[in-house]
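Structure record follows, encoded as structure tokens.
Chains here go by letter, A, B, C, D and E, matching the order in which they are written, and residues are numbered from 1 within each.
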Amino acid sequence: MTVYLIRRLMQSAVVVLAMTIILFLGVYAIGDPVEILISPDADQIERERAIAALGLDQPLWLQYLTFLENALRGDLGRSFVFNEPALRLILQKMPATLELALAATLFAVLLGLPLGLWAGLRPEALSSRVIMAGSILGFSLPTFWVGLMLIMVFAVELGWLPSTGRGPTAEFLGLHWSFLTLEGLRHLVLPAINLSLFKISLVIRLTRAGVRETVLMDYVKFARAKGLAPRRVIFVHVLKNIMIPVLTVTALEFGSTIAFSVVTESIFAWPGMGKLIIDSIYVLDRPVIVAYLMIIVLMFILLNFVVDVMYSALDPRVRLQDQRG
Amino acid sequence: MTPPSVESTALGVPPRQAAAAPREETPLRRFVSDFAESRLAVVAFAAFVLIVLAALLAPVIAPQNPYDLAQLDIMDGRLPPGSVGGAGFTYLLGTDDQGRDMLSGILYGLRISLAVGAGSAFIAFCAGTALGLVAAYFGGRTDTVIMRLVDLQLSFPAILVALMILAFLGKGIINVVIAIVVVEWAYYARTVRGTALVERRREYIEAAACLALSHARIVFRHLLPNCLPPLIVVGTMQVARAIALEATLSFLGLGVPVTEPSLGLLIANGYEYLLSGRYWISFYPGIALLVTIVVINLVGDQLRDVLNPRLRR
Amino acid sequence: AEGQTVTIAVGAPITSIDPHYHNLAPNNAMAEHIFERLVQTDERARPMPGLAESWRAIDDTTWEFRLRSGVKFHNGSDFTADDVAFTIARAPNVPNSPSSFGIYTRAVAEVQVVDPLTVRFRTRSVYPLLPTDLAQIAILDRETHQNAATEDFNSGKVAFGTGPYRFIRYVPGDRIELERNDSHWGPRQPWQRVNYRIVVNDAARTAALLAGDVDLIDQVATTDIARLRADPRVSISEIVGLRIIYLHLDRSRSDGTPFVTGPNGEPLGRNPLDDLRVRRALSLSIDRAAIVERVMEGAAIPAGQFLPEGTFGHVPGLEAPKYDPEAARRLLAEAGFPNGLRVTLHGPSDRYVNDARIIQAIGQMWTRIGIRTTVEPLPWTTFIARAGRQEFSLFLVGWGSATGEASSPLRSLVATFDREKGFGASNRGRYSNKQLDALLERALATVDDAAREKLLQDATRIAIEDVGIIPLHIQKNVWAARRGFTHTARADELTRAMDVAPAR
Amino acid sequence: MGGGEEASAPTAGAPVPTHGAGARTPILSLRGVSREFRKPFDLAARLARRLGADIREEVVHAVDRVDLDIFAGEVVGLVGESGCGKSTLGRMVAGILPPTSGTIFWKGRDRASFPPGEAKAAKLAVQMIFQDPYASLNPRLRVGEIIGEAPLVHGLVPAAELEAYVDEQMRRAGLDPAFKRRYPHQFSGGQRQRIGIARALAVGPEFLVCDEAVAALDVSIQAQILNLFMDLRRELGLTYLFISHDLGVVEHLSDRVVIMYLGRVVESAPAEEVFARPNHPYTQALLAEVPRISNRKRAFAGVKGEIPSPLAPPAGCHFHPRCSHAMPICREAAPPLREVAPGHLSACHLNDRPAV
Amino acid sequence: MAATLEVRSLRAHFFTKAGVVKAVDDVSFSIGEGQVLGLVGESVSGKSVTGFSILGLVDPPGRVVGGEILFKGRDLTKLSEEEWRRVRGRDIAMIFQDPMMTLNPVLRIDTQMIETVLAHEKVSEKAARARAREALVQVGIPSPDERLRAYPHQFSGGMRQRVAIAIALLHRPALIIADEPTTALDVTIQGQILYEVQKLCREMGTSLIWITHDLAVVAGLADEICVMYAGRIVEKGPVDQVLDAPLHPYTKGLIGSVPSRNVRGQKLAQIPGMTPSLLSLPPGCAFRARCPRADAACLAEPALTRPRPGREIRCFHPHLVDEVV
């Protein structure tokens, strides 16, 4: 465990450091933020003043070192655009994204698990084939396209649900959440469905594959030979085994759900981190881009760690090691 | 000098695994007959072949070269399906804002989408497989370094990596391919390493080592072919993923150039017209994209079932 | 409409509530709700009294402004001449500002507070544009904003101005909430509350309007205008704006420009763009009417100069060139290119309305007269950096004149690049014309409006006849409001709750 | 780490008593051959240890200082329970796995000292037959390729004669050469095992290591393969190291039997001798437990206790926790292998007592 | 003595895509109280399927297509699924071959034992746990309380098999079907298991069907022996008689090919050929192709005959003159 922790920590540190360098160079190479931020009216003198004000007149390595030094102190720089600490900006947006990603993940598990279970237990049934065909669709449909269609149908044509935005929020634990109000929930539905479509399919297929493999296992047959009711065999013996990969993948996918919310957020004008990063890329708001990606990396590292711990908690065979099987 | 074949009496009886199959059963034939078990998959495969043919033959069958600006006329822009353009040309699926024949645009777009999907999957396949095999076969430090790289790559959301790379390299088909390769090689490496680690412990590899065959020979002639099945499955899925990723990137404005639209870009262009009722500009490319990805996924799905040793009976 | 709340969805993010932090149109539009300027502009961008009731030039370098009395900031502080002095001092010095308002205060050498309601500005040289420039500077309160940081505005701590609306809440990238300032000096606003939402995606904005989630949207996508016009639930308001879309030509090198080659891709050894006949051919072969009709779907007017009719410096009768491919071919042949050319046309893909579509259309048109054109739209981020390094030969850009005055485009776009004078800051093609420079310099030193306008018109004529740039069209600014709301369109593109009224 | 350090183990390189073979050079000898499997410490583990974490390196002494001589033409049976290191020993003999310490002599010369060309010849001279008839053949190659690849690559046969050569090898292993173009999955277990044998024979080995070569086969097929082994031995003068946990098979086939327990050789003697007069308590227990057809309605007893984990083998004599004769000394010192009768070696402290 | 179980003309077929596999074809036998029946045969001869048929656990594509399974006079094949479930584990228990696979890796031993108790009896969980503990003691597992809280992977193979036996014993079933339970174990451990099983059956009067391919194991254990070949029972009789005087050429060959029955160093008596595929079984005697005595008569299906009291065989040319093997 200790070794595991240390190994993880060391790896993470290397990853983060490598990330900062790549990011810094990458973002630097994309373009010159001053060109974008400056008012068209500005003359050359004003331009030079802005360059200096943003600290872009220094050599790159010095900028990097300054950044690194500040980052170690938890300061990831100030947004060029908003003139606020990048970290605070992102954290402000985080609840919205987390809420969306959580809702999507919840959808995925609540829908995917039962459907996958059904399809795995009766692979030949028509209903199972329909489920699997549906999951292929869910796999294949580009997120952006689905998003548009959802808006077209449910907001514009039918007018059942709001098209965009987050709706009113209520405060809970010091953060603003929209699932606490009815109107907020209504705003949440479409983007969450949009984001979860892929995950639902993923969970269905994982579950089905897991079930199909597990039911062939001797221990399932043994459980039946013990005279257990089919319900217990399925919901304890089979399900507990497939929950492990399903939950692991779902948890790991949570990270990419957050990342993929970039697309959903920009379609549904959902004021989360994803939209912030897209906007920031458009205006080359370097500190925000770097801070966002750093946070994402840290989040992934954390998530991986949590998944590992979870995995070892769920599957008694596994001790904390440096890799999953 | 040798004893008479002790099993000669049994030679008339086909071995049990091959019971009802044709005599000369090669892995390929067995694979084909297993694959053909699902009618849906066969239909999907046929559709896939058609799509590929349509894409390959686009310059021959497309009524117009949609990439040649001289052939486009902006005055024919946004015509609904079936309209006749200024030059007396009938646009079966309508035109987009530049007066581009949608049918031709879709055929050419398929070309790009498939080329990007297949090209990037192929390069990623080669790179990832080579690295994964090396990692698995040699183990130790090599393995650690390569796999940490894989972890690093996988711990980072694909879409963001691609966005960064494209923002960095700029638009263009080659750049999209590069971005997708960078995003995807790790999947192959991880898959092949997992399989190779299992296969490497198999006795036939030990037998090859015992026969003093060279490392290169063992890796490429013995190890690699046996690691292929899961790779093929990953490969098909990744082609579909690559196509979708390219479409998404193009949609976000970071994909291929507007003058040579892929399906994703056609959809993105038409997307702005959706609300105004000119559905055809994004609807037909959307359908084409959808069918392509679904078809590839269906084929991949069946491949997964056929190639999964654990579900074999 | 009687709900007393208006919800507006705008297409560009507002990045700060601090009115001096970032000189950006959306920020300025938001600032106009909360803060006010000495001089304000009407919907056609003409100056009109704001916090100053009147102003006049006392001599060549001194201007006196008389302030409105009884004006109070939202937190109760009085508005006085001292606040003006404070504001002029603060505007250029906001820390970290990526684009400051210093350019508008630079001409001011000294601010004299004559009495609480009278203030005098001494300029460094003759400077006729002072009132125009001051129309950009939001007035802050010395007591309140003495040491205020940008964040304090965003959090609402010091977001107090004299404007018709008070600040309630700001969620970066998402929304701003405002409520009516009942003690405002001006006409009473019809809205108790304003929800100012940021919806960047065009389709999402239209969808939100159609779904009834918002009452007014700006930057209506050209693709949706026709549909919205036909929709009885929606009314469109539009006006010819101040933004011109034009092509810039590389004039920075004479031994050949990278993206113009012979018909077979061979280098030419000279820059054909230096040849007026080539430039005119390029311009004549563009069917501006077609672009306006097909690409812009009517949301623009073909342009033959920098500014539309009715602005200061507009040249009457200088029409957009007529589409004449024959003449263009002839000119090209005369210039020594009977077999045409091969060019690459660059442009942004995400900056101006339909930017990528426009360059494709131009590509078609040029190809038709023998100039084989490759079109390469780029993301604005990369595009603008490369354009600034003179990496392109022909490229599309736009220019919005915030002041609505011809000196602005002349000074930035076609005047010879000169750091000291602040000329040609956006002259990315490095066009240079001595005669034009001289006229412009004279105009900028002429206080008399009529004389100045004449000089500006002359300069404009030179730039256009010499094809310093190729103007394409001037955009219309288009808003769409839900039934029950009317909106007065503004040439300066600003979207403000003050322009929305309940329909009778 | 591992068990207590024992002083009395036979030293590597010391001449090992042979069973009446006089001065003949063994075709293969092992001297103090060990194989450990360890998971190396990485930086993190070292750091953790520095920080005082209680972590130990995991070391498996799969094979622990084994001395063994095998003479040309001999069949040596290697017996032991699962995990005792039989396969590991076999792999080292076959040259697939290098020993961590100790020396392997091939015809009296250290195999590690061979120049490249000879090393390859020596490697080809020792071939291995594997347990799993399914896993030991590459499923993607045709039978002809499986058998013919190595001879062709090593230039043992010219390409033109390969076909005929492969046919001959197949015939010798009891396979119809007409099946040359088939794939392994088209054969039954017994036939596959024959393919494996043909593959090994195709490079002209002198020595075969058979690792549980018949364990996966049905009884009736097992007999066929065992007969084939015996035929080949006669025809080709092969030497065998025959690894098995089936005492019946070993008894039938071997001239000499070597018994391993947890990585160590505990007894070694001519076959009749072992079955008639087992010396080591473990051997005795093993023989008592083997079910035999002739034993009807017997009362089973079973050696008490579990097989210890090779990760933490008991100190001293590895067998002492399960041994009914265990003495205090057994817990402390590992007994050395010593001759208890001519050609009969055993490692047990009971033999330390003055001769009975 | 009344038979605990009587199987009559049992047929279980698998309807695979390649054709019908007659895995069990006309199998009859019976077993009395406290008796041990050895079911011997080479792989795929249908031993396991016979065992599963008795418990009603033949999975699709397989099905019991005919015959009766009389358990204490009740025909199990007529039971509903729920009634059959109540028989499993309570009246008839089963032990599987691979001890690594029969226990569910993610459930603790106590869970797996207690659920077995609760599946058939309404007792408190505490009582069930006590029963589980008692069963572990019975099979000779030291410190049972601690072991109950462990997971299967913490056990060695022999221990796991003992746990499986303990589970089988929980309800003191009248019949235990053991499907090659020692094949995967070492000789010394196999001895231990055989010892436990033998003891328990004697003590509790449980009947036992011991499935194996190792004649030597049943020799020491069984009262009666059934030899299966290609889905049929080819020879049946008391263990001594069958092993000492096999009547069927197959049984004879089988016994003959056991190395210890041969002179050391001499060639083993071998049965030529290989086990036939059940898919394309030609009509007539399935052993025909490998049988030294086969002739034209064998092209017909041999019927089950009783050449001697207590003996049954299926052969036209049995070794009726006693030959010493």
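Things to note:
The definition used in the following text is that a contact is a pair of C-beta atoms (placed from the backbone, for glycine too) under 8 Å apart; a residue touches a chain by one contact, two chains touch by 3 or more.
Per UniProt, the chains are A, B = ABC transporter permease; D = ATP-binding cassette domain-containing protein; E = ABC transporter ATP-binding protein.
All values derive from a computational prediction rather than experimental measurement.
Contacts with chain B (ABC transporter permease) and chain E are shared by A, D. When each chain is reduced to the average of its Cα atoms, C sits farthest from chain D. Our note on geometry: chain C versus chain D, Cα centroid distance of 87 Å, whole angstroms. We define each chain's centre as the mean of its Cα atoms; on that basis chain B (ABC transporter permease) and chain D are separated by 47 Å. The centroid of the Cα atoms in chain A (ABC transporter permease) and the matching centroid in chain C are 38 Å apart. Chain D and chain E have centres, each the mean of its CA atoms, that are 33 Å apart. Contact of a single residue of chain D with at least two other chains is seen at positions 188, 190-191, 224, 227, 231. The set of chain E residues that touch two or more partner chains comprises 270, 272, 274-275, 290. Contact with two or more other chains is made by residues 30, 148, 152, 156, 266, 281 of chain A (ABC transporter permease). Those residues of chain B (ABC transporter permease) that touch chain D in the shared complex are 1-3, 5-8, 11, 15-18, 24-27, 202-204, 206-213, 217, 222, 225-226.
For chain C in complex with chain A (ABC transporter permease), the residues that touch the partner chain are 13, 15-16, 18, 21-24, 95-100, 102-103, 150-151, 154, 171-175, 197-201, 203-204, 207-208, 210-213, 350, 379-382, 384-385, 388, 399-400, 402, 408, 412, 419, 422-423, 425-426.
Across the interface of their complex, chain D is touched by residues 42-43, 156, 158-159, 186-195, 198, 213-217, 219-221, 223, 239-240, 243, 253-255, 257-262, 264-265, 267-272, 274-275, 290 of chain E. If you check the complex, the residues on chain E that touch chain A (ABC transporter permease) are 52, 55, 57, 59, 85-90, 93-94, 96-98, 101-108, 111-112, 115-116, 119-120, 151, 153, 164, 167.
Of all residues in chain B (ABC transporter permease), only 69-70, 72-75, 77-78, 97-99, 167, 170-171, 253-254, 257-259, 271-278 touch chain C in the complex they form.
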